[in-house]
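Both complexes shown next keep chain A, but they swap its partner, so chain B is in the first and chain C is in the second.
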Partner chain A sequence: MLLRPLAALLALAAPLHAAEGTRISVTGEIIDTWCYFSGVMGGPDAVVGSAHHTCALWCSAGGIPVGLLAEDGTVYMVLKIEGSAESAGGDTQLNLASHQIVADGMHYQRDGLNYLVVEKVVTDNDITVENHLDYGTVPPFAIPEGER
Partner chain B sequence: MIRAALILLCLAAPARAEAPLPFDLGGSFTLTDQTGTPRSEADPEGRAQLLFFGYANCLQICSAALPLMADLVDDLAGEFALRPVMITVDPARDTVEEIGPPLEYLHPDFVGLTGTKAELQVAYDAYSVEIKHIFDDPEYGPIYAHGSFIYLLDGQGAVLSLLPPILSPEQAAEILRARLAPAG
Partner chain C sequence: MRYLLALLALAMPAAAQDFSEGSEAKSWNLYAEQPARFEAKVVDILCEVTGDCPENCGDGTRQLGLVRSADNVLVFPNKNSQPAFTGAAVELLPFCGQDVEVDGLLIEDEDLGARNIYLVQTIRRQGDAEWTKANRWTKVWADTHPDAAGKGPWFRRDPRVNAEIAREGYFGLGADKDAAIKDELFE
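Let's look at the complex of A and B:
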């Protein structure tokens, strides 16, 4: 279950040398990297989209850096979004949690990891993965008991 | 399965520190540690350092990052002498008298750095750390949003790389080995 996320983290990241930034455009979902890579809350299909939206907000507010899960499975650790130096918890990061976006920015590779400085969110398609119908809220306790 | 992915990471070409970091991070600062001793970005013993911005009693991201740093110091003890360092984002609570015990509970070598607002701002600016007061927890006090990456510094305080706190200890250790291994 964890192989896919870990492989995605490593994908396209073979060179470990510090690289010059490359301007790229990426379409993907702003994800909660802690739950996606740890697997503690469920498999990779369950910890994205509408099912995991509430938990993604909690994690971002708690300081977990957000990532951008591209359509090819690559995960980019987001360093900044449109000038905000916050990698988590900022208004922009919270507003975009679980959203599919088209991002223009600078891509860096370091130590086998992909980093992205998002210079512009070209398109915000809102939440497009409506997997709460399959998984419910992941995890259920992300929503306080009295509010479910 | 995790092992298979880790092997991929292990088999990758070793990193070298000579290439410039593509992020504008790091710089000089002078703060005060939990013993009251002034301390700069350089480690007095020349140890490589793991640096994080947080607060000693933080229950959010610090509760993932600070134990990871402590684990790495122990896991790599036979290979490298590492120093875990935390710079506070809450100097009102993390005073010289208060900052040490929660960190030393995680690891006896942990260094906590505090200072005046002006002294700390120099360090925040060097690492582009933005700090935002989110709310006051009735039990634990102020809760802050702050930087969430761990920085790897050499003994002189130059930034070698950064570690997302979501990495497993094994993944993070491989990055440190690649960065700190002697060239050649």
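Let's look at the complex of A and C:
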């Protein structure tokens, strides 16, 4: 009698290796996930857009994972973009830093995080969040003194 | 009933678990940080999540993760120990597929969707006595960018970053707009 619920509970406890994905379309900004999640550079509104663009370049080139911050606030950890699996410092993600994109791809979930394999960047709207007048540069030293 | 409760405990998310025992991680004074030392297997996250699995975890091009031994949770190391805009994949690559122990800071911030995010500070193979500091990134970058040698931090000298800034400006809005913004902000 208890076998069926026991089996169901065991299935919940089992590893979730290579989960099935779900096809989705997401509109959002390609962000630097460390600055966003950790708050090391300020609040979530300060670590997006034009104010944080140079830092986003540094972090992307530095191999920090990029995410897609959707309009509803969900962060999708981006594992692949249009055939490029170079999620640790690759050119494709670097070139999209701070851009708003419309992405079609496969969505996976594991242990509280959302993952996205972008199959197609349907639209690249470039940078749409212009927040530099609110926050200046984030961090303040993003522009060298000699170039200000 | 006892068995059911045990199975339910196994099936429950492990977010509430405390992995701070024995940790010697240095604080970064982050809002949601918790010291966390645990045993895990180093995995290629794309492989782990989707089944797309190349040799040697992608040779450093992919994000690497930590499948924690205590609860099978996939922890995502976003950051190494250097305060230099540097990730963790380079640090974990030498341990691809191996069972390790790590020490660092776990970030859990429900408001931002941060779950099982990690800053790795030290790593060692299970059974080894010596810890390896997770601070190789800048040396690896210098070794692979001999033409960018010079003074100042790597991110001021990185050819790809500098090409992007030359093309689109520090604010990413184009060279003309960049100059106008700088005038407005710094005049």
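Everything below uses one rule, namely that the second predicted complex is superposed on the first by the 128 of 148 C-alpha atoms of A that agree within 3 Å, B and C clash if a C-alpha of one lies under 4 Å from a C-alpha of the other, contacts with A are read in each partner's own complex, and residues count from 1 in each chain.
One rule holds for everything that comes next: contacts are C-beta pairs under 8 Å (C-beta built on N, C-alpha and C of every residue); 3 or more make two chains touch, one makes a residue touch a chain.
Everything numeric in this text was worked out from a predicted model, so none of it was measured.
When the two complexes are overlaid on their common chain A, residue A:64 makes contact with chain B and with chain C alike.
Residue by residue along chain A, chain B and chain C are tallied for touches, and C comes out ahead.
After overlaying the two complexes on the shared chain, residue contacts for A:73 are found with chain C alone; chain B is out of touch. Judged by the touch definition given at the top, the superposed model places A:140 against neither chain B nor chain C. When both complexes are overlaid on chain A, the residue A:132 reaches chain C alone and has no touch with chain B. By the document's definition of touching, both partners, chain B and chain C, reach A:38.
When the two structures are aligned on the shared chain, A:110 is found in touch with chain B and with chain C.
Counting contacts as defined above, chain A residues 2, 6, 9-10, 15-19, 21, 33-34, 37-38, 61-65, 77, 79, 85-90, 108, 110-113, 115 meet chain B in one complex and chain C in the other. On the chain A side of its complex with chain B, the touching residues are 1-3, 6-7, 9-10, 14-21, 33-34, 37-38, 61-65, 77, 79, 84-90, 108, 110-113, 115. Those residues of chain C that touch chain A in the complex are listed here as 3-4, 7-8, 10-11, 13, 15, 28, 30-33, 45-52, 54, 58, 60-64, 72-76, 78-79, 84-90, 107, 109, 112-117, 119, 137, 154-156, 158, 160-161, 164-165, 170-173, 181-182, 184-186. Those residues of chain A that touch chain C in the complex are listed here as 2, 5-6, 9-10, 12-13, 15-19, 21, 33-34, 36-40, 44, 50-51, 53-55, 57-59, 61-65, 73-75, 77, 79-80, 85-91, 94-95, 97-98, 106, 108, 110-115, 117, 126-127, 130, 132-133, 136-137, 142-144, 147-148.
Considering their complex, residues 1-2, 4-6, 8-9, 12-16, 19-23, 60-62, 64, 128-130, 132, 134, 145-149, 161-162, 164-167, 175, 178-179 of chain B touch chain A.
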